[in-house]
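The structures come next, written out as structure tokens.
Look at the two complexes coming up: chain A is in both, with chain B in one and chain C in the other.
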Partner chain A sequence: MKILGLSAHYHDSAAALLVDGLPVAAVQEERLSRRKNDSAFPIQAAEYCLDVAGIEPEQLDAIVFYERPMLKFERILVTALRAFPHSWRSFPHAMKNMLGEKAWMRGIIMSRLGVPGSRIMFTEHHQSHAAAAFLTAPTDRAAILTVDGVGEWATLTAGQGERGPGGTRIAIDRELRFPHSLGMLYSTFTAFLGFEVNEGEYKVMGLAAYGRPTMAAGVRRLIPRTADGAFRLDLDYFEFQRSARRSWSDRFVDLFGPPRNRFEPIDLATPDGQRFADCAASVQAVLEEILVDLARDLHKRTGLADLCLGGGVALNGVANARILAESGFERLFVPSSPGDSGCALGAALYADRIFFGNPDRRLDDHGFLGPEVDETALARIAAEDGLIVDRIDDQNLVEESARDLESGLILGWMEGRCEFGPRALGHRSLLAAPHDVAMRDRLNRDIKYREEFRPFAPVVPIEDADLYFEMPPGGARLARFMSGVFPVRQEWRERLAAVTHVDGSARVQTVDRAFAPRLHDLLRAYGRRTGVPVLLNTSFNLAGEPIVCSAEEGYSTFRRSGADALVVGNVRVRKRAATATTRSEYEEAMA
Partner chain B sequence: MIRKRGRLRRQLVVLGSAFGATGDLTRGLWRGGGEKRLLVPLAIFLCLTGLLLVLAAGVEALAPFIYSIF
Partner chain C sequence: MGVLRNPIQYWVWRDPSRRAYRLLRFAEVEADGGRDLARAAELTRDARLRRLYLRHAKDEQRHADIFRGRGTDLLRSLGGGADRAWQPDWLAPGERGLDDVRVEREGDGALLAFLHLSEREAARSFAAYSDAVGADCDTRNVFQHILRDETFHMNYTRRELARVAPRRQGWLLWRARLGRFWKSYLRFAVALGNVFGTIVLTLQYFILLPPFAWAAKRAERREPKGWVTVASATADRGGQY
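On to the complex of A and B.
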């Protein structure tokens, strides 16, 4: 059975294809269209998925959209009318936005893919999240928690799933509805702190480490707890439910002060800069408290050992680590793409296992489902540009790359299929030595062009993770897709300065050999040279651009950035300075 | 290979499917009972307006006439 899952029209559209219950391809539209967070109909992503399987749209048995557009329209309509007359300005905008295209998904899918309407199905938004979290995890029974901004009506769901020879069951027994939303709370602070919603949430989390939760009591006033252990938002402090102009109200400003002007940098030495950091720390602390409470309650109710977490809020690695440590669950699974793009895969899996009742299949435990990189393309274009191109066998490539990294070079590292999800997990990464703060500053200044308070992540072989990082039981698993933030052991903080955040933590990625063999070998080779098998791993892209996908995009980014060498498969391209074999030769060439 | 279709043809397909989608919405609101049932006429009116927008996007020559309504 061939099932295409689609997510589109809000943020990060994507397509995923299942053939006989197994994903053969999944990719975000942004990786192909080269527009960051592209929310357009994922026509290129769908085309890629069909190409991988060698099928035409007419051969699809079902096309599943990740949410019910008309239920969403109902929510928007009801919310706007409840907020009338305050919503009179936003109402026409919302209606035009919805009715211009988004509401007519069945027709749009029919018209774009040329398939009959009878083959098009819809799942609910949080069903897609739940399926993406549970059905991709290596567990047969687990509690499921999904948390995001909003889908149709639901903003948070809790339940449990079971899979096996007897079939698959996902039972959601608790649900919280819009406008009461943890995701909307966090997004409101993201906008208040001058960052872009749906993109800047990482920045709030990074900024939180510079502040103290001095305003946590204020944040708790915004989100009082209810008798059943859930929460509600005090809508006097918010305007997102009735205005497209801003998310917070004047009372919010009375509590937390004026919002940040997004064009002014955050200067932590000033009182305002510190206030913003304290705001971030406060909302982060309250988010963690609530998530831990919800997870603890779910653990008590289900008595299960495993928790699968989905939805955009599952990208908050600091909260994830606390859930694992404090909720009572032994293992916490967060998929490689817990946000809306992952819903394309979740919707397809939900349809396959639940709608059609197909037997359970164990999925490969990785997120490498995107386009393959072509090393010959790199060799050709780099040679045309007169750069030094080497074709090296695996063993020498690993050894020489370890040497380059030890000497302070920054490598673009591309191999195999690209990651499905927002994180570079070693197939589309920039790698560098993790020891020196100067390396972090160089990456921020010459390549990533981003705020200095944002940390870089370390990657470490799974067998060594506990030596360098304080990993709780189950932590190594959570770190598989870079989904947890853990303390760097005190004795290693100085040697891992480029990847240690100001609060002594790091968003660790653990790698076992089966997951990424060459990256694992590289880490081992680097460890033999330096005594520390840890590298800095950051996504291979420039600020404002999606992560690179093809060799050509990798090459373009390599040429426009301060990276010293680019490795694609077994082909390596170096800039002049990167051919230096010693630090002094390198500095001379760079001068 | 996904065949590319002309804009007008695509919009007509959308238009053709929209009545079913409007029916889904109406049924959902009706089943919601109480205050939601009162929204049915408004929802139908808005959907029809939305269809005009879809039509305007597909047949550019019609756009000035349709937008002048608003």
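On to the complex of A and C.
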């Protein structure tokens, strides 16, 4: 059976293809269109998936969209009605937005892919999240918790899943509904702190480490707990339910002060800068408290050892680590793509196992489902541009790369298929030595062009993780897809200064050899040279751009950044000071 | 047109707060343009063009940094009083970057023609802004520095167009002009449609919705606080409701 899953139109659209119950391809549209967080209909992603399987759209048995557009429309309309007459400004905007395209997904899919409407199905948004979290995890029974901004009505769901020879069951038994949403709370602070919603949440988490949760009591006033252990938002402090202009109210400003102007850099030495950091720390602390409570309650209700966590909030690695440590669950599984793009895969899996009742299949435990990189393309274009191109066998490449990293070079590292999800897990990464703060600053200044308060992540062989980081039981698993933030051991903080955040933590990635053999070998080789088998691993992109996918994109990013060498497969390219060809051509063209 | 435009530019640029925000907005547009050029470099099969596009992309990134730096300095100099001024973007759109060009859909010749016209328009606008900023020498220097680059970009795109499509260059330039005109028309039509849509929907909101709003608010008051129990999904067959 061939099932195509699609997510689109809000942020980060994607497509994923299942063939006989196994994913053969999955990719976010942004990786192909090169528009960050592309929310357009994922036609290029769908075409890529179909190409991998060598099939035409008409050969698909089902196309599954990751949410139910009409339920979503209902929620948007009812929300406007409830806020009447204050919603008069946002109503036209919301209706134009919804009725323009988003409500008519069946027709759009039919016209874009040329498939009959009878083959198009829909799952609920949080069902897709639940399936993406549970059906990709190596567990047969687990509690399931999904948390995000909002889907149709649900903003948070809890339940459990079971799979095996007897079939697959995903039983979501309770939910919280819009406007009461942890994701909306966090997003409101993201916007208040001058960052882009659905993109800047990482920055809030990074900034939180520089502040103290002095305003946590204020945040708790926004989100009082209910008698049954859940929560609600006090809507007097918010405007997202009735305004498209801003998501907080004047009372919110009374509590937390004026919002940050997005154009003004955060200066932590100023009182305002510190207030913003304290705001971030406060909302982060309250988010963690509530998530830990909810997870603890779910553990008590289900008595299960495993928890699968999905939804955009599951990208919050600090909260994930606390859930693992404090909720009572022994293992916590977060997929490589827990946000909306992962719903494309979740929707396809849900349809396969639940709608069609197909038998359970064990999935490969990695997220490398995107396009393959072509090393010959890199060799060709780099040679045309007069750069130094080497073809090296695996062993020498690993040894020489370890030597380069030891000497302080920054390497673009591309191999195999690209990652499905927001993290670079070693197939589309920039690698560097993790020892020096100067390296962190160089990466922020010359390569990533990003705020100085944002930390970089370390990657470490799984067998050594515990030596350098305080990993709780189950932590190494959580770190497989960089989903947990853990303390760097005190005695290693100085030697791992480039990847140790201001609060002594790091968003660790653990690698076993089966997961990424060459990266694992590189870490070992680097460890032999320096005594510390840890590298700095950050996504291979520049500010405002998606992570690179093809060799051409890697090359263009390499040329425009301060990276020193680019490795694609067995081809390595290094820069000359400035190639004579380019300089003369440019001067000639400009003469 | 220039005679008419200059007083408008003076009015737009004389306010320091508005000036600061416009520079910061230009920084974003330049950075976007740089990304489009990088994309063009990734897609072209012409090695010379690839190298030139990459250099051009770096220039655009540098311009973004310069605009951002000057805008931030201006904001800082205004202290806490830098409220966001009203931004008459439609009066002085400045550079529209690459005007939302879909690089993937353009051949080398068509893209060069488009780039040439965009750079020429940007050079004209920046020259006007440079005149309009009055006594603000730092901002004028920024414009003049960038203006030099824009002139270079305008020249190299024209030369390369002549190299890549020697026989069709005139036609490609005309087509690019028509394309820009068509995009202007589309922008206008979309804005007009938007205004009409907003008027009609706002009228509907106040005329048709009140009884439904009353019912919705009544229903909301009856909703339980906290968890909602979810019914079993056994009958679910994947519909959109």
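Definition applied: the second predicted complex is superposed on the first by the 576 of 591 C-alpha atoms of A that agree within 3 Å, B and C clash if a C-alpha of one lies under 4 Å from a C-alpha of the other, contacts with A are read in each partner's own complex, and residues count from 1 in each chain.
Keep this in mind: a contact is a pair of C-beta atoms (placed from the backbone, for glycine too) under 8 Å apart; a residue touches a chain by one contact, two chains touch by 3 or more.
Bear in mind that the values here come from a model prediction, so they are computed numbers and not experimental data.
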item	value
Touched partner set for A:Leu81, first chain B, second chain C, both or neither	both
Touching partner for A:Lys96 - first (chain B), second (chain C), both, neither	both
Touched partner set for A:Arg106, first chain B, second chain C, both or neither	both
Which superposed partner A:Glu56 touches (first chain B, second chain C, both, neither)	first
Partner chain(s) touched by A:Ala46 [first = chain B, second = chain C, both, neither]	first
Comparing the two partners chain B and chain C, which touches a greater set of residues in chain A	C
Partner chain in contact with A:Arg174 - chain B first, chain C second, else both or neither	second
First (chain B), second (chain C), both or neither touched by A:Val19	neither
Which of chain B and chain C A:Leu71 touches, first, second, both or neither	both
Shared chain A contacts, counted only where both chain B and chain C touch the same residue	69-71, 78, 81, 95-96, 105-106
Chain C partner contacts - residues on chain A that touch it in the complex	34, 62, 64-65, 68-71, 78, 80-82, 84-85, 87-88, 91-93, 95-96, 105-106, 121-123, 127, 157, 159, 171-177, 226-232, 261, 263-265, 351, 354-355, 381, 384-385, 543-545, 550, 552-553, 555-557, 559-560, 579, 581-582, 585-586, 589-590
For the chain A and chain B complex, residues of the former touching the latter	43, 46-47, 50-51, 56-57, 69-71, 73-74, 77-78, 81, 95-96, 98-101, 103-108, 110-114, 117
Complex interface listing, chain B residues touching chain A	1-3, 5, 9-11, 13-18, 20-21, 24-25, 28-29, 32, 36, 39, 42-43, 46-47, 49-51, 53-54, 57
Chain C residues touching chain A - in the complex, by the definition given at the top	20-21, 24, 31-32, 35, 38-39, 41-43, 47-48, 50-52, 54-55, 57-58, 61, 71-72, 75, 82, 84, 152, 155-156, 159-160, 194, 197-198, 201-202, 205-206, 209-210, 212-213, 215-217, 220, 225-230, 232-233, 236-241
